[in-house]
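Below is a structure I'd like to ask you about.
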Amino acid sequence: MILEVDKLRIHYSTRDGVARAVDGASFTVPEGRIVGLVGESGCGKTTAVRAIMGVLAENGRQAGGRVVFKGQAMDEATTRKLRWRDIAYVPQSAMSSLDPVYTVGAQLVEVMTKRGNHSRASARARSVELFDLVGLNERRLADYPHQFSGGMRQRAAIAMALALEPSLLLADEPVTALDVIVQRQILDVLRSLQQRLHLSMVLVTHDISVVAYLCDEVVVMYAGQVVESGPVRDVLARPRHPYTMGLRNAFPDLLSDALELVPIAGSPPDLREPLSGCRFVPRCPFAQPACGIDAAMSGNGDHRSACRRDSEADTLRTAALDPRTWQRSSSFAMS
Amino acid sequence: MAERAEPVASTRSSWSLSPVLRRMVAMPLKDPFAFTGILIYVLFALVALFADQLAPIDPMEILFTKAGKLAANVPPGAEFPLGTTNLGRDIYAQLVYGTRSALAVGLSAAIIVSTVGTIVGLVAGYFGGATDAVLMRIADMALSLPFLPFVIVLTGFLGASTSNIVLAVALLLWPNSARVIRSQVLTLRERAYVEAARVTGASAWRILFVHIAPNILPLSFVYAAIAIGWAIITEASVSFLGFGDSGSVSWGMMLQDAFASQALSRGQYAWFVPPGICIVLIVVAGFFISRGYEEVFMPRLRGR
Amino acid sequence: MRLVLGRFTHNALALLAVTTILFFMFRLMPGTPLAAFINENLNADQQQAMLEQFGLDKPMWQQYFIYLANLLQGEMGLSFFQRRPVMTILLEVLPNSVILTLTSLIIAYIFGVVAGAWLAWKRGTWIERAAVPAVLATRAAPEFWIGMVLLAVLSFNAGWFPSGGASSPGMAYSSNWDRIFSLDYVHHLALPVLTLALYLQGLPLLLMRSNMLEVMHEEFVTMARMKGLSEWRIVIGHAARNALLPVVTAFALGVGLSMGGNVVIETVFSWPGIGRLLVQAVSVHDYPLAQGAFLMIALVLALMNFVADLLYMVLDPRVSHGRKG
């Protein structure tokens, strides 16, 4: 395991109380694999990743749990040492994460000379190499971020992430802002780089089809907790948690587009309210009184889920394929 | 379609009017800055209202001591809280009565500036096209005039009167508010409820003043608060330079008087420090209020 | 390049509008411009000769074009009182105004930028909570009043600075520049500069502070943090560099604006500059001189607006380097 996240808790103090953005989430990233971290927005995926990078917002703090990188528990000092050299980050919007007043080349050189052991000359040479690697013309190094198109900026951001040859890449919705064709191109760049450089990667996304396209494993998060995890093929073909079943219905399937898209009614719960039991209950078509008690992750082998009705997963899955199931849940939940 | 949209539009307009007003009234209670600002305004308003009671001595009256000598440059004491001028006038009384002219100048300028600015902004933003282009070019022109020199030239030649100062200030200040209100109208114009009102066949003016204007109100208020301060400072500056209304008692005239009669070299701080502090207080109050309102109603506008 | 030309045209047109407004303002004022001069002792012929001398006998529109043509050649006529070309008088005092304005602005902006960035850095502390209203108060104070208080305390009371003027009486200099580079001049300059700087520092300070606060929340600053760059590099190299853009623009605008505002400061300190000249000219109804001084101030304002536009274009690559796609 290159990365282990163990019962991580991240709290934000807000005017209306403490928001438990990440509430005891655990997952692991095996060496050389791509792990998809999936869930609706507001489920704590981005917070978890930012916590690993050590850049929580001012009102956020780690309230519990730990992050272990290559067997070493991360604290502030190790985070500071490791970041970008060992763990790098690909942002959702490369436009806002590149400084508008410097050229892209200058920003590449900056991180290599200030954080790596590069001289200016070797940093420049490596920039050319990196641009080549992500499929950008080296002449564009002298351009400013606003002169790039969306897809090119995303490639530049990937080049930036690879500058110091990290072993783990955290990509936060790296293709969300792009149109479908460019999405595919960027995902292909990521995949080929991951294979050539033997990278490990965490890919944060709300789009389960992106997970299906790129990832080896998947971790499904809901309301700050992990509700299901396992190999992509298992989880997507035979989801065990109703939330995953719902997510799968809500996105076009890359393999068979026969299914009608059915969004899950409602929205993730307010994390400032104290919650107990399964957080999906208010939106779950299969909820029972027993669901008011917390369910631990269980399952055989790699595929695990946190549902009280895990034993009935096959039956529920069949029912979940029927769009009417989800309509019922929404009217039920509203009343 | 029309029958269905009608009630939607009307409920929306009554819905949109009252919360804005309610928030406008409630805001100062939440923001300590704005609260302080309102408090300062209220205080000065009370002083202006009860000037006669607060200062029984006529500010222009030339006073004499019991021995029958001119009571000139009397230091602050029990009889004259801030002392007297070189001509034997009560400084405290001048300070109190100065509040009246300050508020008169400030309020009249604020009313003109925010009324003109709001109407021009609304019209330019809503109708766009040539109307907009012409109005904004005029605004550009007014903004490219050097502020104080223009006021001086105007009052210097038209005659030194308070109304001319207010006129000059209003002529130069309206474009600021007009521009910001215009850009706000541009976004409001595209809102669904305005669209709904348009579909029902409401006239352009009705849409402007019933559906859009109420949402602009906080902005007009912000610019009015700033204009009060600007007008008072300008009046003081112009009076100081000798183009003021010599018949009125204002803080600017007091400062000019003090400066011209060597109060600085005599160290008569009680003469020239208090009027300045009063100006600072009333202008700062405007800043505080506009800050509070901007933060509540248009967080994106901060820093402009 | 088209942008530059566009901004230039815009500012030039604004200046033309100002000169036009000014021309008609002066001509349409109540009373003839020569009212102050023409007295009972002059006979009709002498009056006519005087009108002709100042070109006031021609129709209004003709006067307007003569006025514009003359302006373009730097010809602003004769001062009624001093009987000298307005341009000569203006050029005599212009250096004093420029030196006063630039020195104060540079001090104010260096202080404001550093203090503003520092206050943004200190956000949420009691220092910041106390400093912001204090700075607002300096912005709210009339410039001339700050000058009066400083004059009373530092000059009349403490005796550290002269109470006015630009040089001590009885001093003789071989040239104007000699005078300006003398210690005596700097000594006279100090108090007006201090006053103006105190008044002007609020704008860059508050602007820098709010820009910094905004920029510190930008994603690229968080990104710099993720990259493990040093705090110094993040704050100075990235946040401050971005936050500085509007402040630099404000500086150029400030030159133009404070040239107008200097009117009062120059009066308080009897500083022989354009502003004081304007005040004197207006109070004695010296139309050509007042008009010239006003135009000079308006010209500096328009010029500085243009410089501000240029600076913005040069400093912000989003404007100077077009989109390539």
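Labels for the chains are A, B and C, by order of writing; each one numbers its residues from 1.
The working rule: contacts are C-beta pairs under 8 Å (C-beta built on N, C-alpha and C of every residue); 3 or more make two chains touch, one makes a residue touch a chain.
All figures in this text were calculated on a predicted structure; none of them were measured in a lab.
Enquirer: Determine the shape of the graph in which chains are vertices and touching pairs are edges (line, ring, star, complete, other).
Expert: Topology of touching chains reads as a line.
Enquirer: May I ask which two chains are joined by the most contacting C-beta pairs?
Expert: B-C
Enquirer: Taking each chain's centre as the mean of its C-alpha atoms, which one ends up farthest from the centre of chain C?
Expert: Most remote chain from chain C, centroid-wise, comes out as A.
Enquirer: Quick check: how many Å separate the C-alpha centres of chain B and chain C?
Expert: 24
Enquirer: Where the centres are mean C-alpha positions, what is the separation of chain A from chain B, in Å?
Expert: 53
Enquirer: Approximately how many whole Å separate the CA-defined centres of chain A and chain C?
Expert: Averaging C-alpha atoms per chain gives centres 54 Å apart.
Enquirer: Sort out for me which residues of chain B touch chain C in the complex.
Expert: Interface residues on chain B, with respect to chain C: 33, 140-141, 144-150, 152-154, 156-158, 229, 233, 236-237, 240-243, 252, 255, 258-259, 264-265, 267, 269, 272-273, 275-276, 279-280, 283-284, 286-288, 302-303.
Enquirer: State the interface residues of chain C toward chain A in the complex, per the touch definition above.
Expert: 218-220, 222-230, 233, 237-238, 241-242, 245, 315-318, 321-325
Enquirer: How about chain C: which of its residues touch chain B in the complex?
Expert: Touch residues, chain C against chain B: 10-11, 14-15, 17-18, 21-22, 25-26, 29-30, 133, 136-137, 139-146, 148-149, 151-152, 156-157, 163, 207, 210-211, 214, 256-257, 259-261, 263-264, 267-268, 275, 278-279, 282-283, 285, 290, 293-294, 297-298, 301-302, 305.
Enquirer: Under the touch definition given earlier, write down the residues of chain A that touch chain C in their complex.
Expert: 53-55, 80-81, 83-85, 89, 91, 93, 96-101, 103, 110-111, 114-115, 143-144, 146-149
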